[in-house]
Amino acid sequence: MIIKINGKDEAIDKIKNIFELITHKGLSCEKIVVEHNFSIIPKEEWEKIVLNENDNLEIVSFVGGG
Amino acid sequence: MIIKINGKDEAIDKIKNIFELITHKGLSCEKIVVEHNFSIIPKEEWEKIVLNENDNLEIVSFVGGG
Amino acid sequence: MIIKINGKDEAIDKIKNIFELITHKGLSCEKIVVEHNFSIIPKEEWEKIVLNENDNLEIVSFVGGG
Amino acid sequence: MIIKINGKDEAIDKIKNIFELITHKGLSCEKIVVEHNFSIIPKEEWEKIVLNENDNLEIVSFVGGG
Amino acid sequence: MEDFLKIAGHKIKNRLFIGTGKFASYKLMKQALETAGTEVVTVALRRVDIESKKDNILDYIPKNCILVPNTSGARNADEAVRIARLAKASGCGNWVKVEVIADNKYLLPDNLETLKATEILAKEGFVVLPYMSPDLSIAKRLVDRGAAAVMPLGSPIGSNRGIKTKELVQILINEIKIPVIVDAGLGKPSEACECMELGCAAVLVNTAIAIASDPANIAYAFSQAVSAGRLAYLSGIPTSINQAQASSPLTGFLREND
Amino acid sequence: MEDFLKIAGHKIKNRLFIGTGKFASYKLMKQALETAGTEVVTVALRRVDIESKKDNILDYIPKNCILVPNTSGARNADEAVRIARLAKASGCGNWVKVEVIADNKYLLPDNLETLKATEILAKEGFVVLPYMSPDLSIAKRLVDRGAAAVMPLGSPIGSNRGIKTKELVQILINEIKIPVIVDAGLGKPSEACECMELGCAAVLVNTAIAIASDPANIAYAFSQAVSAGRLAYLSGIPTSINQAQASSPLTGFLREND
Amino acid sequence: MEDFLKIAGHKIKNRLFIGTGKFASYKLMKQALETAGTEVVTVALRRVDIESKKDNILDYIPKNCILVPNTSGARNADEAVRIARLAKASGCGNWVKVEVIADNKYLLPDNLETLKATEILAKEGFVVLPYMSPDLSIAKRLVDRGAAAVMPLGSPIGSNRGIKTKELVQILINEIKIPVIVDAGLGKPSEACECMELGCAAVLVNTAIAIASDPANIAYAFSQAVSAGRLAYLSGIPTSINQAQASSPLTGFLREND
Amino acid sequence: MEDFLKIAGHKIKNRLFIGTGKFASYKLMKQALETAGTEVVTVALRRVDIESKKDNILDYIPKNCILVPNTSGARNADEAVRIARLAKASGCGNWVKVEVIADNKYLLPDNLETLKATEILAKEGFVVLPYMSPDLSIAKRLVDRGAAAVMPLGSPIGSNRGIKTKELVQILINEIKIPVIVDAGLGKPSEACECMELGCAAVLVNTAIAIASDPANIAYAFSQAVSAGRLAYLSGIPTSINQAQASSPLTGFLREND
């Protein structure tokens, strides 16, 4: 299954939902925000959102800024 | 007949159109602009515009400004 | 005996030296400076300086200044 | 005979006075000033000043300046 | 060198624009305009006072001048548009200085309403010169919507405080393609000169000339200063340095090695 | 209006003095002097280079100009006096700009040696214009000892930094009776204009003109700016205010009560 | 004296806000934030770089700080709104610095898009601090549409040029009711101090601290300067005069009549 | 970091010197001195008023302060020397601020008489701090003749006009080896801060503190501002640039190629 993560197409297997993806990628849940098909997904719903072919995911976090 | 000229009600008699009013008031035609009921009236039409009760006339001209 | 103190002539009696004058005037010895006939007189010598007719005394102290 | 001209020693022959030197050097008389042994020499006296061994001559003129 | 400011097909030689408000008399105004040799003057539009007829200001403005009615008194875009149309109906041309002011203390322009009025009037064929608060994002939009020039303020109208907005005005000059004309606040010829050195296309001066004890003299001074600043801009302003550089030869006098 | 700067019996109309150093050629210098219409020019004195004869600078200076030799290169009063006497012997008049510099980085004048040289030369009948660091106590002494004018620096020579000493120069203008002529550091016509508005009697510009790509143009610009600033000074500079004052009538347009 | 800046129910004691961009390391940033004792810091939001995990910036920001995500990178109101919502979803609060920039050279804010984004976000309950070009007409609208403060620029971001927009910022301070916080361009503590003396409610500094050789030191210096300026503002700034007024007694020393 | 100003063997931590003139009461003065934590204070010497005894000012000056009598009232070097000797005889130390003023309007120092008095007093073992008009040639001589520091004016005494002599003061800082202490004219903490950023060793403030409605508050503000400016100077002031430099990451948000 191909989904777009942060602007890049990526093939993922055996990953069903956002929570699994985040875990698989080794990201810390606490400080990131996820947008799924242009909707922001609260952390508590990450397990519920099933990923489908061509989904668009944005995973963002804070960096230094003025 | 009462018409409003430059914001003030004024009783006028025997004056039928804008041209007559301007002439009657002793104003120089060349350098003034007349708005009749919120429409600008070109000088060549001043004779055609018949004045009616409660008409609103604005007569303006240039002054110093920055 | 007339002596000039801070620019003003003053008649003084029964006062022999600078120390007596300062005491008589009720000035605090510690924080003033005395010039006698244009010579600065150290405190320890105030008793030794005998005042004479027409002597010039300047008695100064610190005030606020920038 | 060696004389110092503008800080440099120079051997001159057959030149007797300042006027001859100036002429010999091809300088325009009008716009230069000559100092001979630290005295300014008016143009009209250039012929009178006989040059001697070790004389010091300064020949100056105007240049651009602010 | 032929150097003209071109706006709407006109070639303007004198880059000092003069406002006609506040002169003690039309006669003094006329002298000032003539002495300065100005080619662009602003006027305002007001109700005729029917009871006390006054001289007509237009009789005192040299015939070769471009007349630029302003929309002073307008508090929003609609009022500015109405004034502009009335002014145009006078037959004195189609230039207009859009001036929409909501603030009575500093008489600062309302950039948003100014933008709206500019768009409407430019579409109707006016040559629109909007008085504005210097802001690049608004200036770019004014360009897009058809302004013929932008007129940022130097400091509040009539304050004679000079070009206090230099930083932002310089950015406008660098970044937009239409003429930048500093309007308002210039109190001294040196300030007008500095504006021109920065690269302004022109300046508009009113109060500093009108209320001077000798308007014609000061108008002439402004005119010279504007010309000087323009010439310096065209010739290139030298950069400044922190140390000194001798203007006389650096050799010591009557010494060898300095 | 007849407005002349009077120094030593001369009536000087053009208040832009020009220094002749650093021009790329005497021809360019001549054009600049003529275009500006300057009436007072400074020159320096140096040893003739006997090997390579050059054109004489005096042939390129308009005949109506007052020639003011400077004492550049002098490091103390004695050297300045020696240079001044040599210059006078050239037959080009008795004016001299006393310039004694001990500091090689900023080329700042040595006020004490300048004072000494001024006194000596004034007694010998020179018309002495001392280049100085702006300081009222020294300026007063220069007046007492016969200076014909004082020439405080605006900023270091050749720095093009403008009139950075305004506060002190203004005090000189207010407090001393002889002409105050800002010398050194002026880089732009607007700065020269501002000096004149402050009440300076004249300004002396060299580097900003000499090293410009087109010296004649920029000289003309300076000349105009100086004239403009002088006229403004004579006419009275308006005061600045913190708020705005309308230049158009304050009545709202087509409204009764504003 | 208890003097707090109150925004959205928060009482902020330290009026130096610090931006977190451009620090050489999070460790240096942390030292600077702690040394300054700042209570409000800005951060940006960016895509996680999945390949190279980095430390999380939030671990280096003191817990008592109010976090203000900015919308940098947004080129219009819609993008700014999207960024703000994402930032809020992080659970770090509902403050946002709206920053919409269309110009890549001077990074000047787009006042119109900023206004739109402010309106939308304020309605959604954000505490909105819009970065803006100083313009009273826009500032008044920002107030009307719910901004918690306005953040006019002092000079372009990262330029260290100081408060070049003083004239316009002072007018904002005088005329609008919400806090005015100068953001961008401050390069020196004295400039931050001056902003506070003018009556700014706070200043935001980033570049001048982040790129300093010793960020903690300079952060502390800014913090002191801001505190000093605030105290001076509250105590009243003395007016300046043109002449002198003796600070020592004016009687001459040992003389009668002076 | 241990950073002391060393003068005559003393290590001075607080670089805000305070003058004691013009306070409404000695009590208010004491509060200001204590709150600021100042270590160097100036006083004047005057004839005792024998008829109406007043408190002694020395009782209100913290014991750890270095007392610096000034020579105010002196109109020439001899008078200054006489005052200095009298002050020293008080037993309060051997520091003296030489202040010779001949001009009653701007209270500007007489650099020549100041130089003479400095030479005499330094030879007698005084620690001499001369108040001066900023001029490099005089400052160098003051160094040669034994001054412990130089105290150029920022603007006229009591004028609160700030550091109007920046150009010349900066040159003093760059070129002379002894401490440069700006004295006179500073009206706001930001101005004191700026002096320190330029590299001044200290500043002396009197009027701006003494006549404030709350002297202790404003004294504290000055003290903080001086400390901030010093720290910034030691840490290095960043250079300013003409364009902007992003403080947030320059990648657009959620876009690939920006």
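Lettered A, B, C, D, E, F, G and H in written order, each chain numbered from 1.
What we mean here is this: a residue touches a chain if its C-beta (ideal position, glycine included) is under 8 Å from a C-beta of that chain, and two chains touch if they have at least 3 such contacts.
Predicted, not measured: the structure shown is a model, and the values here were computed from it.
S.K.: Please state, in steps, how far subunit G lies from subunit D along the shortest route of touching chains.
M.R.: 2
S.K.: Please report the smallest number of touch steps linking subunit F to subunit G.
M.R.: Counted as steps through touching chains, the separation is 2.
S.K.: Taking each chain's centre as the mean of its Cα atoms, which chain lies farthest from subunit H?
M.R.: Of all chains, B has its centre farthest from that of subunit H.
S.K.: Name whichever of A-G, C-H or A-H reuses the D-E interface, so over half of the contact pairs are the same residue numbers.
M.R.: Selected pair, repeating D-E: A-H.
S.K.: If you take the mean of the Cα atoms for each chain, which one ends up farthest from subunit E?
M.R.: For subunit E, the chain whose C-alpha mean is farthest off is C.
S.K.: Could you work out how far the Cα centre of subunit D sits from that of subunit F, in whole Å?
M.R.: 34
S.K.: Taking the mean of the CA coordinates per chain, how far is subunit C from subunit G in Å?
M.R.: One centre to the other, that is 62 Å.
S.K.: How far is the middle of subunit A from the middle of subunit F, if each middle is the mean of its Cα atoms, in Å?
M.R.: The separation of the two C-alpha centroids amounts to 72 Å.
S.K.: Among the residues of subunit H, which ones contact at least 2 other chains?
M.R.: In subunit H, the residues touching two or more other chains are 19, 21-22, 44-47, 70, 72, 105-106, 108, 156-158, 161, 206-207, 210, 246-249, 254-255.
S.K.: Of all the residues in subunit B, which ones touch at least 2 other chains?
M.R.: Expected reply: 7, 58, 60, 63-66.
S.K.: Let me know each pair of chains that touch one another.
M.R.: Between chains, contact exists in these pairs: A-G, A-H, B-E, B-F, C-G, C-H, D-E, D-F, E-F, E-G, F-H, G-H.
S.K.: Across the complex, what residues on subunit H touch subunit F?
M.R.: Touching subunit F: residues 102-103, 105-106, 108-113, 133, 135-138, 140-141, 155-156, 161, 164-168, 171, 174-175 of subunit H.
S.K.: Please output the residues of subunit E touching subunit B within their complex, sorted ascending.
M.R.: Interface residues on the subunit E side: 19-23, 26, 29, 42-48, 50, 53, 56-58, 67, 69-70, 72, 85-87, 89-90, 92, 157-158, 184, 204, 206-207, 210.
S.K.: So in the complex, the part of subunit A that touches subunit H is made up of which residues?
M.R.: Residues 7, 58, 60, 63-66 of subunit A touch subunit H in their complex.
S.K.: Considering only the defined contacts, which subunit D positions touch subunit F in the complex?
M.R.: Interface residues on subunit D, with respect to subunit F: 5-7, 25-28, 31-33, 35, 40, 42, 58-66.
S.K.: Under the stated contact criterion, what part of subunit G meets subunit H in this complex?
M.R.: Per the stated touch rule, the residues are 1, 19, 21-22, 44-47, 70-75, 79, 82-83, 99, 105-108, 156-162, 187-191, 193-194, 197, 206-208, 210-214, 217-218, 220-225, 227-229, 231-232, 234-249, 251-255, 258.
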